[in-house]
Amino acid sequence: MMGNILGERLVLMSFGESHGKCIGMVLDGCPAGLPLSESDLQTQLNRRKPGQSIITTQRKEEDRAEILSGVFNGFTTSAPICALIWNKDQDSRPYDAMKNTPRPGHADFPASMKYGGFEDYRGSGRFSGRLTATMVMAGAIAQKLLFYSLSVEVVAYTSEIGGIVSKPVTFKQAKTNTYLNEVRCPDVDSAERMKSLILQARKQGDSVGGIIECIATGLPVGLGEPIFSSMESDLSKALFSIPAVKGVEFGSGFGGSRLKGSENNDEYIVSNGKIVTTTNNSGGIIGGLTSGMPLVIRIGFKPASSIAKKQRSVNLLTRSECEITVPGRHDPCVVPRAPPVVESLVSLIISDHAIRGGFIPPILKARKND
Amino acid sequence: MMGNILGERLVLMSFGESHGKCIGMVLDGCPAGLPLSESDLQTQLNRRKPGQSIITTQRKEEDRAEILSGVFNGFTTSAPICALIWNKDQDSRPYDAMKNTPRPGHADFPASMKYGGFEDYRGSGRFSGRLTATMVMAGAIAQKLLFYSLSVEVVAYTSEIGGIVSKPVTFKQAKTNTYLNEVRCPDVDSAERMKSLILQARKQGDSVGGIIECIATGLPVGLGEPIFSSMESDLSKALFSIPAVKGVEFGSGFGGSRLKGSENNDEYIVSNGKIVTTTNNSGGIIGGLTSGMPLVIRIGFKPASSIAKKQRSVNLLTRSECEITVPGRHDPCVVPRAPPVVESLVSLIISDHAIRGGFIPPILKARKND
Amino acid sequence: MMGNILGERLVLMSFGESHGKCIGMVLDGCPAGLPLSESDLQTQLNRRKPGQSIITTQRKEEDRAEILSGVFNGFTTSAPICALIWNKDQDSRPYDAMKNTPRPGHADFPASMKYGGFEDYRGSGRFSGRLTATMVMAGAIAQKLLFYSLSVEVVAYTSEIGGIVSKPVTFKQAKTNTYLNEVRCPDVDSAERMKSLILQARKQGDSVGGIIECIATGLPVGLGEPIFSSMESDLSKALFSIPAVKGVEFGSGFGGSRLKGSENNDEYIVSNGKIVTTTNNSGGIIGGLTSGMPLVIRIGFKPASSIAKKQRSVNLLTRSECEITVPGRHDPCVVPRAPPVVESLVSLIISDHAIRGGFIPPILKARKND
Amino acid sequence: MMGNILGERLVLMSFGESHGKCIGMVLDGCPAGLPLSESDLQTQLNRRKPGQSIITTQRKEEDRAEILSGVFNGFTTSAPICALIWNKDQDSRPYDAMKNTPRPGHADFPASMKYGGFEDYRGSGRFSGRLTATMVMAGAIAQKLLFYSLSVEVVAYTSEIGGIVSKPVTFKQAKTNTYLNEVRCPDVDSAERMKSLILQARKQGDSVGGIIECIATGLPVGLGEPIFSSMESDLSKALFSIPAVKGVEFGSGFGGSRLKGSENNDEYIVSNGKIVTTTNNSGGIIGGLTSGMPLVIRIGFKPASSIAKKQRSVNLLTRSECEITVPGRHDPCVVPRAPPVVESLVSLIISDHAIRGGFIPPILKARKND
């Protein structure tokens, strides 16, 4: 399969370019009988869209989802669901000027080598963060499917920005507070300081990075298909497809590499008649399989590549060195817009495995009053 | 596809169980004309095999690779290459006693739920670290293929154990020194201290974790198939299939999340007529594509789950809590055996993408004197 | 992968329903640098569209192709190409009345069992012959790619309708004459008699079937990936996805089952410095690989299932037997509209294998004056 | 995926060469809890093996199946099942002499071009009919799985040889009588005449072809994943991977192309409370989905390519024309050995779809007294 497809049984295909006619996706394999409307997609898209606050890019993208297929009389049919967003508010002129001087941190240079100059370079084309909106459209469906069929809940939130670390939060706090502030950090104090830092970076023509945490609860025991489709394998594959992600860890992660086995192992006990572990250093995945404990993932984002400061580059045609300034309206920090993207990809992978494992049937019994 | 298959165009299928008749693999898609013999596999297997020093398990596994198909007159034919290792030196008795009391940190509990008790639990069955030998057999072929066709070199080495951090090393140092000591750390001083720490953990009936670094040089620009088969995506998917891996980062990774964009961006210059970057915080991957700079990956391993200390567990049949002691001969630290496994998986993914990108042809021109 | 995806390296995903908002497709894996515009798709769509003559359905479907992504400045970019047709001229009312009494020969009964009544039954939904237009959009691109990069030509034509058998035709005759008459039969005399038969069937409220032949020339030797992706395997898989196809044979096919080996074997000779066979009973495929001789395929279509005559059915809700008459405007014979569909699928599979085999590079060198 | 893999959820990978060390297969995705032993594989292998009668090749291949993995305590574990047959009784000398003069009808010529002379040409290597034994090992497991979990039965039998057509037989007759004679034709009278014809062909140094029919009963309604994984699509893909198969048709097939719609449509009635069709011209597949009626497939085999008669060929090195005689011990007709191969592939595809459709669960409840 080519690189624009994700999943085995719940399959996402992404298409479209940042400054083309539209961006869109086809989701194949969604069971029949899930109540679904465009507003389900829109809710999550709205959480991702730019121009919502002073800390994100001021581009105004309406990002209105339109479902073209796969839904009939308000329910999914099991046919492929195509949904798209028509592009608006594009200014492609700066990209023509820049096309031969690759921007540091962006895909420009390797993409130009790979596609021989035929690539649509406007607004980073296929490599634009804008494409994450197609993940969100698909993920919103998966997220609804998981909750509807298995009561699984997935939440992602900002845990660290520019070195400012949030206090630890519970799943419930994350669920309740994440989208109450612009930074998407459930810890309000940290959120304030993160916001200041972002504004300061913008003022300096610079950018900052950060870390997103994601928790999923209610997972059945035994999702995952070792050896090569372990939950960590498939989740990380999906998450590393988000531009700017450079690190993924589960549970105690890299920190666990410094613990003793006796500290890091999660011991079993019985609680309310259920077998659980006393700690959750595994992040809910043991041997590549879900353990029934909450899934815990941390995703490291690099600082946004587009900065106002002057940078060194090379003219691809003349091979002479030069200095460039990246124009356009950019995010000084992409992290606050990432939680719905992370929730989406995590929901897609969990759904895919839940279908593979037989935990979600091909037809969902329509619930009363739905 | 099921979970025992990795890759798109260079496809690895793994089979076998820790205490079954054998462990083996089939590698499909290797171009025709690569000189190959069992000794190519054996060299890498020997670097992974246990019982080599006092810091690894004392099990004696000869791990002799036998090629069953796909090689004719000393060259690959492009037909699937099957190779296996016949199992020996197994003591399965302890596992019968333990099968209903899952060991903390091992796959026992979710596996038993997933497979209904039909799974081969002896020696962890399919979940055993022993299965990484099948990755090494396949990876040794990929590693040779890469060097033979593209002069790409891949090396992995121990960078950290139990919190002891190696000094930074160059690619050349890593290439030369890694396999000179038992810890596989090219920095000799750190290696000594790491060894002491491992022996101390063993004495305490405990275990320690660590971090492996992997560098690959000579990669063409433009490997990777965004969005969902980015190099980070496919490499992390492969690496998280190694038991005990809980974190993967590229280049500046999680550390980069704390840098400014102006610090983390890699600027372009011309050096010896080649376009390169002044720094390599991207770890050789920009926009999911190789940039031509060295690939740099860090892989976090949790401390080995099998420890001699008493631990709490639950009897799956009676659902009563209990205490268990894990018998058997185990590694107090799996990290020193991991470098050939990491090299293998990284080589497989690079090869897969090099074939997909047309950089390795279906037939390799046999070189003179080979 | 789910069932709406075809191909390995040139991947077609189909979406949309007969009476939904649109029908569409995404084609992933097309090399960069192919000159492409909507008119390339339209030319083939026009040959398939209904309402062109008195022998096809009188529905007026404009079938105008719109490319949404993957083309930039007149060339393919190697990003996924999405194209769609907005649906018009639909009359869905009859289908509501029929939805519980499955039409003989249509997918109604098994589809209703499989999808639990959630399927979009209007106009046969996903099972409609209308979906072949999505194959044609993708196939038109593949057909252009093959000719542009390899000078491969593919032509399909009506060879038999209702038992009336065309005289044998050469590739050149097929290429020149197929689309000159409504029946798409290059043998004009047979075409006239076929047309009469179709009109007679319509008058009787009945339908007729037929056979399409397809020839492809200029193929490189060695396309195909045995064992399971032999050319026959992949071509037949694609062709049996056309509704109404119930038989596929290559070269002498079923007729060859009655020949002696000495009659059916194709002997090798040298002609114009090229190794060729004296006969072509293999249909250009030996051992699952292309031999360099013309590819010859015959595809059997059943008579159209929608007929005006009364037929027996069963009410799915009451399980009582009944009689139904299928309303609507239907084709008395689908064969004359099938040649572009067959050409499309054959072109897609050949292209897929040409890319897999390294015969088409990832970037097509733009030709002068193109 | 490469060409040596078949299936989505029940995945067969084939390896080995005709005159190599062994031929083998890995079957991934078999649910846990199926009672399985080597004798299950052996029974079907014995029906395929040569040297059983005077009408097949006199090579003595013991073809003893050895299971290497995936079975524990007599039950499948859901881990990949590897099984192989060690090769014996090979005489590779004739092939060295022939390697540059391709045998008409065999893969020699395109394979040599495709693999650059690196292919293992001995005994046709990967292209040998011998590889069908790997399909039979996998298929025997699928056949048992289908009967054990769904009471689905699959039988294939010789329906025509060299133009001699068997009388029509019922499923029960086929089930009872097929393996009672060497020709595998349940109609005893035809079997006698077929046998004579085969012996006569052998005497003439020639070969004959024929047709296999396959019937499967007990299928659930709704197997198949349209558009591109229709049952016809996936069955034909599998069946065309058998060397010598050049035609596949379902139900009335090519004959149906000459019927009227009113003749070919299968009308619905209720029989014993079940919705069935009065006729079965669809061969049990409507709209690509199983209808619940018996699956009926016809598979056309060309006459065996290896004949004793002199034939024209070309020397690949000198490009000069020549005459060759194919040495070795060959089948004058491969059809009598094909029924277990056809049953195997059909069982694999049905199983794959039954798993995809949720009709076979991941764990099979162990039945008492099994």
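A, B, C and D are the chain letters, set down in written order, and residue numbers restart from 1 in every chain.
In the analysis below, contacts are C-beta pairs under 8 Å (C-beta built on N, C-alpha and C of every residue); 3 or more make two chains touch, one makes a residue touch a chain.
As the structure is a computational prediction, the values presented were derived from the model and not from experiment.
**Q** Going by the stated contact rule, which chains contact subunit A and subunit D alike?
**A** Shared contacts of subunit A and subunit D: B, C.
**Q** What is the chain whose Cα centroid lies farthest from the Cα centroid of subunit D?
**A** Relative to subunit D, the chain with the farthest C-alpha centre is A.
**Q** Select, from A-B and B-D, the pair of chains that is joined by more C-beta pairs in contact.
**A** Between the chain pairs A-B and B-D, A-B carries more contacts.
**Q** Where the centres are mean C-alpha positions, what is the separation of subunit A from subunit B, in Å?
**A** About 27 Å separates the centre of subunit A from that of subunit B.
**Q** I'd like to verify one number: the distance from the centre of subunit B to the centre of subunit D, where each centre is the average of its C-alpha atoms, in whole angstrom.
**A** About 38 Å separates the centre of subunit B from that of subunit D.
**Q** Give me the residues of subunit A that touch two or more other chains.
**A** In subunit A, residues 1-5, 8-9, 14, 114, 126, 357, 362 touch at least two other chains, as defined above.
**Q** So in the complex, which bits of subunit D are touching subunit B?
**A** Per the stated touch rule, the residues are 1-5, 8-9, 11, 13-17, 20-24, 26, 28-29, 32-33, 68-70, 72, 75-82, 84, 114-116, 118-120, 125-126, 362-363.
**Q** Please give the residue numbers of subunit C that touch subunit B in the complex, ascending.
**A** Touching subunit B from subunit C are residues 9, 356-358, 361-362.
**Q** Subunit B touches which residues of subunit A in the complex?
**A** 1-6, 8, 12, 14, 102, 104-111, 113-114, 126-127, 131, 160, 162-163, 201, 206-211, 221-222, 224-230, 232-234, 236-238, 240-241, 243, 245-254, 256-270, 273, 275, 277-278, 281-283, 286-292, 298, 300-307, 309, 311-314, 316, 319-321, 357
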